[in-house]
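Everything below concerns the one structure shown next.
For clarity, chains are labelled A, B, C, D and E in written order, and residue numbers in each chain start from 1.
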Amino acid sequence: MNLWLVTSALMFAIGAFGVLTRRTAILVFLSVELMLNSANLALIAFAKMYGSLDAQTVALFVIAIAAAEVAVGLGLIVAIFRRRESTGVDELQGLKG
Amino acid sequence: MGWLLLLTILLPLLGFVLLGLFGKRMKEPLPGVIASGLVLASLVLGAVLLAGGGAQWAIPDWLPGIAFSLNLDHLSGLMLLIVTGVGFLIHVYAIGYMHADAGFSRFFAYLNLFIAMMLTLVLADNYVVMFIGWEGVGLASYLLIGFWYQDRVNADSARKAFIVNRIGDLGFLLGMGLLWAMFGTLGISEINAKLEENLFIPAGLGLAAFLLFAGAVGKSAQVPLMVWLPDAMAGPTPVSALIHAATMVTAGVYLLARSSFLYINVPEVSLWIAILGLLTAIYGALSAFGQQDIKRIVAYSTLSQLGFMFVAAGMGAYWIALFHVLTHAFFKALLFMASGSVIHALGGEQDIRKMGGMWRYLPQTRWHALVGALALGGFPLLSGFWSKDAILYSTLFYSVNSSVVFYVLLLATAFLTAMYSMRWFVTVFLGQYRGHEHPHESPKVMLFPNHLLALGAVFIGFIGLPEPFPNLLEGFLAPNLAHLEYEKPSLTLEWTLVLISALVALAGLYLGYRFFQQKVMPTWYARFAQASEHSFYVDQVYNTFLVNPLKSLGSLLFDGDKGLLGGFGWLGTLTAGIGSLLARLETGYIRFYAAGLLIGAVLLLIWGVTR
Amino acid sequence: MNLADITLFLPLLAGIALVVWPGLGRAFALVASGGVFVLALAMFLLHPKEGIAYLTQAPLLGPAGIYYAVGLDNAGMFLWLAVTLTVFLGVWMAPAPLRMVGYALMMETGLLGIFASLDLVLFYVFFEFTLIPALLMLGLYGGRERMQALYTFALFTLVGSLPMLAAILAARFLGGAESFLIGDLQNHPLKGVAASWVFLGFFFALAVKTPLFPLHAWLPGFHQQNHPSGLADAMGTLYKVGIFAFFRWAMPIAPEGFQGLQPLLLTLAAFTAIYAAWAAWGAKDWKNLLAYGGISHMGLAAIGLFSGTAEGAVGALFLLGASFIYTGGMFLFVGLLFERTGTMEIGPVRGLAKSAPALAALGMILVMSMIGLPGLAGFPGEFMALLGAYKASPWLTFIAFLSIIAAAAYALTAYQKVFHESENRAVPDLTPREWGFAVGVVAAIALLGLYPKLFTQLLQPLAKAFAALFGGAA
Amino acid sequence: MIPLLILSSAATVLTLLALWIPVRATKWLTAGTLIAAIGAILVGWNQPAEYFGGLLRWDSLAQGLTLVALLGVLWAVVIGRHQGERLEYYLLALYTATGMLLMASTPNLVVILIALEALSLPLYVLATWRKDERSYEAGLKYFLLGALSAAIFLYGIALHFGATGSFNVGVAGSGTLYVVAMVLLLIGLAFKASMVPFHWWTPDVYQGSPTGVSLLMATAVKAAAFAALVRLTSEGLPAWGTALAATIVLTLVLGNLGALAQTEAKRLLAYSSIAHAGYVGVGLFSATGGPAISFYLLTYLLGTGLAFAVLSAISNGNVPYHRLRGLLGRDRLLGVGFGLALLSLAGLPPFPGFWGKLLVFLEGAKAGQYGLLVLALVTSAIAAYYYLRLFSLAVLSRPLEHEAEEKPSGVLPPWATATTASGTARWAMTLALGLIAALGILPFLGYRAFAAGQPNPAARVPITTNLSITSPSEGAEVPAGGFSLQGTGQPGETLEVYDGTTRLGTVTVGQNGGWLFVPQPVPSPGTHTYQVRRAGQAGGPSVRVKVAAP
Amino acid sequence: MGFWEILAAALLLVTALLVVTARNAVHAALALIANFLVLAGVYIALDARFLGLVQVIVYAGAIVVLFLFVIMLLSAAQADVGINPLSRLTPVAALGAIALAAVLIVATRNPPASQPVGNLNGGLPQAIGPVLYGPWLYALLAVGFLLLVATVAAVALVQPDKPLDALTDEEKARHTPASKEEVRR
């Protein structure tokens, strides 16, 4: 039992909970960030266990990826806001069936 | 030389093809002449071949293991002579009878087809080949009964004949199936040879015999498949004479005779043959009394006489059955053609209530009719007398099935036969003419064949005289029939019986002659005659309990089949329903989707950790 | 590349050409279909009459063990003749739009391919491909309710044949064969439970295409809605290839599976025969009548085949080929009637025999052939099927062959109502073109009926080998 | 390597260049780049190589699926119609193509993740390209769910590393951690491949996105995702087998049944793309499934690409069914194209879709997945129904009157009829039709390329004739000593001949498939039953003959 | 497992919970920053010092701030907008999250290898650098490319549409709220 792995799992689950319960796009996305970081925590914990610099490097990449994702994601949210004047996700259900 | 045998079949078949294709363009007597000439050619060819000791011809493996084989021996030779001989005469007669009919050439085409098929039937040395002829004559019969197809009744009758025959044919087919399973061959001589050389009787032989017999029942209009024959009188009279009296309907008897080696081994089936024959004989005789159609009376008499033949076959007296076939061919053809002459004379009238007094108008036909009626009634020394007497004799002595019951009942039937044959003669020829036409005698071309037939009806019986006279026919047929040993009665007894049957016939004839000249019939008779006119309501019973329910079931199945499709459609609807339910899962909510995704993930993961 | 390949694909190319440029005209279609028939005839004459001739074998999807393997044994050759003749007669005869004729030609390739394939996957390809032109003909030229019929037809075919694809794959991998070639598969017959499942997979597809109760339900609607010219119906008749496929593929590959199901199969075949014949009695129009009549015949063929005997197999194959010609001919004949009377219904127009005796005679010959009159094409097959079936089950044979009585009833009743009884409409008799059709179809029917030996002696060795698979006496 | 260089450098250069050149030029440069990359793939076909310490694995799987993906992108670029022809559209298409190449060609999970993002980010943006409500909704849905799945995938990477100590796929492992990691990774990729229950975005996004973009998602993305899936599933069947099977079952059922309820063509194709993911998935169970999957995706690309192209010619937005009615009558090319595309998608032979399905199912059968196989086939039959419905609408129905009057717009080539497809698009569609026909009739053209290096199992298997005795015939009478048995068999095989139960000897079948055997010693007169048997078999055809006395 | 570790873990969880439950989006973002700062501390404690710094500078300092910025920009601080149409999802989500956590904890309970196989060198840049530019060069290049992609994608998203008079008729129609397309539906 590794404390950080447990913490990471809990954070991941909390993030998932946030994705399901948050009702604006920004907050949903914020929860996703939480999940990404929980994965990073797990990576670092494993890196410590295995003494692997690879994992730390990968965590670095993850941060870069997250940054890229955030850029596009926030851009999208802004663009939608410009059109809809809202960031709520529940209103977006014109497409269904 | 064997191919000449095939030629006997091919000649009339050629006539059928020629007349069928080009007959319409020929002038009137030509089609009749061609047709008659080809049948005559067949007759001559057949006779020459028969005189030369018979012939065989075959295509081996026509179907795998089944040869298309023909065999002209004494048995088939006799039939060949009857078919082509009587057939030729009737062809000639028809030239006159069908004069000026729009379908003149078509008629002769059909007749030639019939002859070809009938020859196939009798010459066959393989049950399959026989079956070809068997159904072929059925087709010809169908075409000829419905010859005047514009009339719905005729068309219906034709159809009925074919369908009822098919019931019997199914038996024939299944019988062949069983024979094939038992013997691995359907060659008649081969099966006969196997049956002769093997002492043991294969199990199932009785069933095979019975199934074949079912075919004979259909074709020869025995009880219970007799209903088609009276209706078949809807065809032109020569047809009735040729097909429904002289030849085709006796095919059943011929089948039994051909398969005598088989039936001789299964007396229990033979007993059934005799019983059904007896029933038919009685039924036909009783039904003949009430008929008002000149041809239907003769038709029922045919039914009855066929019953006689079956009784003989059931007794194992195959030569006697064939003897009766022979004599019957002559006198019954004669009766029909005399009837045809009457109808011809009256411009198509067939109702005997509008006849009478023809004695005066038809100076030659009257003699034909008289000879025919007397021969049918068993007037001593005429052909019918000898053959009928032989049948009565066989019911007493011939085999294990012989019994006094048969004898007594058959004798009574013979008595009835004599009576109704007189009824026919008396009502048509004696008394006053009750119609409005101007009766006239038939042309020569119709009378000439009747002369010959009348001669036959008088004298042909002498080839099968009882002992101690020489019996030409039995000896002639013996090599081709199964032989049954039986204890012969003393000559005295034999001749006593001859005397009894002669007396019974004379009594019947006389009584009929007197009885049917009465102006007013007794009530009991009137009541009987009414039931008889409707053939004891057999048709109605069949229609009510068999035909109509089956027809309704057909419609029901047809409609039900659409329902079946609906059933499959229901399956489709169900699938589509599930589909739209599933599609409704796409609610459009992102969070719902995320939930679905995560729940799916969690479930998979739970499986992952718990497995 | 040999004569078989050319003959096989010629109709497809001609059909495509005709669909793209209908301006090529009817003469082109006639030359194409006639040429195919002549080629098939020539192939038949040159065929060594034993073994597989005109063999082409080339890898199609080599690594997957799938080949383009085409060749003709006697059975294939016989059916090729029947198919090419029927198509030729159809093209000759049917007053159909030219594009539709093009689709019919395309379909011919599929049909020929079904009979010539020596690779199971290739067989499946042709089996399914044939569906497409059939659908197009129905969908483009069918009657008002054609879509319903189209869905039914397509779904029955596809729902049936996709399990067959599973069975095809299983047949190879469970049997241990390295390819889908017929020899390879037959050398690795399936055993035990696998055989049963594989046979069952085949069964559904082939029962649809035989057709056997209750999977026949698509057929009446299919005929009902198709173009009244009868061309599409004739092609549809040719598409009843279930019998052949059972013979060539399903039963030899999974003999044990077949034997396990044999009682059921025989029962189903017998029931199909009598049920359909009976239902045909209730039909009110020609197309339904012929549809059910055709189903009934295939029931008889099926009971012959499922007997597992040589006689039964010969009978089934012969009946199949013969029914191609006479049922196809009958549909074309009905198209010809429709052209004259404008109705498919039986009843409103009567007494045609008076004004059109040749037409009536042609009809009579076809009807008689249909009800299995000896001497015509329907009989030898039915009879051999009966001989085989009787060995397997007398009672079921009895039930199945009750249908010949019903057949006489429905066929003659319909014939009488249209051609006999008092005339209420005069129609023109056969035109010269129609005479050509009549001569062709009657000649074929008579040849098959009078001299079946020509083909039965060729089918017999195959049938014996077939029967040997099931331990039947060869 | 060269295709990657072409793509990445062109993408970078074009990013800068595009600001100065006209949009049309950007379009053609993009197309040219893609064609060049495709050409480079083809030139270097079947020359596997590894670069960057194994992070770039340029094997036949990478080549095949990159080819498919690039074709998909190219197709979308050529046929797409876009608002205002903005240059970013082409840049993004090029980026996503590069991302796909990266994804298809690496065994490294981290690179896969990077590639996943590199191909997804442009798609998120492209999904919104119509700039209307639905388009934005589609973009956001795709993005949020995509981000979620990326997080799951990332967590899978972490756990995979924890379980195996490696960031590379195809490492065997065991234990709960490994299983969980594999399942998480599977989920991340299954999301991109739209497999149930990770498919939720698919119908909405396809419907909301511009048609060209939907096409991209349906074809190219799937190719890239399956490339990764093939690599991922090359090891550890026990770990992921059941999970994958469950996913496939759900995918097949939901994809096909859900499609039945649709009334809008793009949404239908979305469900169909879900279903197809299920079919492809069957091939994952076999270790040799790569070529089959590549081929399947190629055929799927052709079919669905053509269908989307036709839809895009009709409208850039939604295409309710009724707008398809009588398409053939309105525009022959579109009608034929749509019809063929549907038949191919439905998997009817001889169209490529059938061969793809067949090959994938073959792999499934090889792996013994008969349950899945049967389900896949039964659901294909259901699928046939909805394809057929569209087919009958577009091809078999006649147009309603007001639909027939729809006016064409834009400059059309002379052979065009009333539609809105551009000339280029028409040429492209014609080309695709040709490809469909060619691949349908000659499937080996495609498959052999993908399966290069795999051995043919048997170059030539002899085709047996059935074992039989042809002479003498049953029941024949033969003279003793004066007859021979003849028959047919498989060339070269040895048969045993029996008289009753007595073994008489053997005979070898000749090359013509016939054999001849003279019974020795001379048989006694009477009935004899001769039988030939294949070696080791208890029965065979027999014949009964009657031997006559000499 | 010392006091500090447990405290850090507790802080991580508390802040994480805050992120997903705060009524105000700004609070949530701030909680996320707090979470990341703790996380950075944990990284440093786990011998990933360079990463810890990056976490602070890039993640907490740039990315989440970006979030805050957008929240402010869009005045989207309110977390609950309108009525929750999926109110029944919350308990399901809670259950699901618990299950997910449980599963993941069970899975990571016994990691296979417990012996360190390499030397982390404290996760200093000197140690990371060779790895980053060595075996991971390809990934680094790919990430670089990804950032280019993200830039262009973001630009493409937020750049204003063309001025209205530069649009074709069709596009105009599309840009009116109730476009033809929607009417058709």
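In this text, contacts are C-beta pairs under 8 Å (C-beta built on N, C-alpha and C of every residue); 3 or more make two chains touch, one makes a residue touch a chain.
Predicted, not measured: the structure shown is a model, and the values here were computed from it.
Q: Spell out the chains that contact chain B while also contacting chain C.
A: Both-contact set = D.
Q: Could you tell me the least number of steps, going only between chains that touch, from chain B to chain E?
A: Between chain B and chain E, the shortest chain-hopping route counts 1.
Q: Can you check which chain pair, A-D or C-D, has more C-beta pairs in contact?
A: C-D
Q: Report the chain whose CA-based centre is farthest from the CA-based centre of chain E.
A: B
Q: State which chain is most central when centres are taken as means of Cα atoms.
A: C
Q: Among the chains, which is located farthest from chain A on the basis of C-alpha centroids?
A: Most remote chain from chain A, centroid-wise, comes out as B.
Q: Roughly how far is chain A from chain E, going centre to centre by Cα mean, in whole Å?
A: That pair's centroid distance is 4 Å.
Q: Quick one: chain D and chain E, Cα centre-to-centre, how many Å?
A: 36
Q: So how far apart, in whole Å, are chain A and chain C when each is placed at the average of its C-alpha atoms?
A: 64
Q: Could you state the distance in Å from the CA-based centre of chain C to that of chain E?
A: 66
Q: Got the chain E residues that touch at least 2 other chains?
A: In chain E, residues 85-86, 89, 92-93, 96, 100, 103-104, 106-109, 111, 113, 117, 135-136, 139, 143, 146, 149-150, 153, 157 touch at least two other chains, as defined above.
Q: Considering chain B alone, which of its residues make contact with at least two other chains?
A: Only 61, 64-65, 572, 583-584, 586, 588-592, 594-595, 598-599, 601, 605, 608-609 qualify.
Q: Going through chain A residue by residue, note those that touch at least 2 other chains and give them in order.
A: In chain A, 5, 8, 12, 15-16, 19-21, 23, 28-29, 40, 42, 46, 49-50, 52, 54, 58, 61, 65, 68-69, 72, 75-77, 79, 89-90, 92-97 touch at least two other chains.
Q: If each chain is a node and each touching pair an edge, is that a line, ring, star, complete or other?
A: Topology of touching chains reads as other, fitting no named class.
Q: Under the stated touch criterion, can you name all the chain pairs that qualify?
A: A-B, A-D, A-E, B-C, B-D, B-E, C-D, D-E
Q: Which of the residues in chain B come into contact with chain A in the complex?
A: Touch list, chain B to chain A: 583-584, 586-591, 594-595, 598.
Q: Going by the contact rule set out above, which residues of chain D touch chain C in the complex?
A: 291-292, 343, 348-350, 354-355, 358-359, 361-362, 364-366, 368, 370, 373-374, 377-378, 380-381, 384-385, 388-389, 392, 395-396, 443-444, 447-448, 451, 454-470, 487-488, 490, 512-514, 531, 539-543
Q: For a test of understanding, state which residues of chain D touch chain B in their complex under the given definition.
A: Interface residues on the chain D side: 140-141, 144-145, 148-149, 152, 176, 179-180, 182-184, 186-187, 191, 196-198, 200-201, 203-204, 239, 242-243, 246-247, 253-254, 256-262, 271, 382, 385, 473-475.
Q: For chain B, which residues are in contact with chain E within the complex?
A: These residues of chain B touch chain E: 589, 591-592, 595, 598-599, 601-602, 605-606, 608-609.
Q: Quick one: which bits of chain E touch chain B in the complex? Just the residue numbers, please.
A: These residues of chain E touch chain B: 85-86, 89, 92-93, 96, 99-100, 103-104, 106-107.
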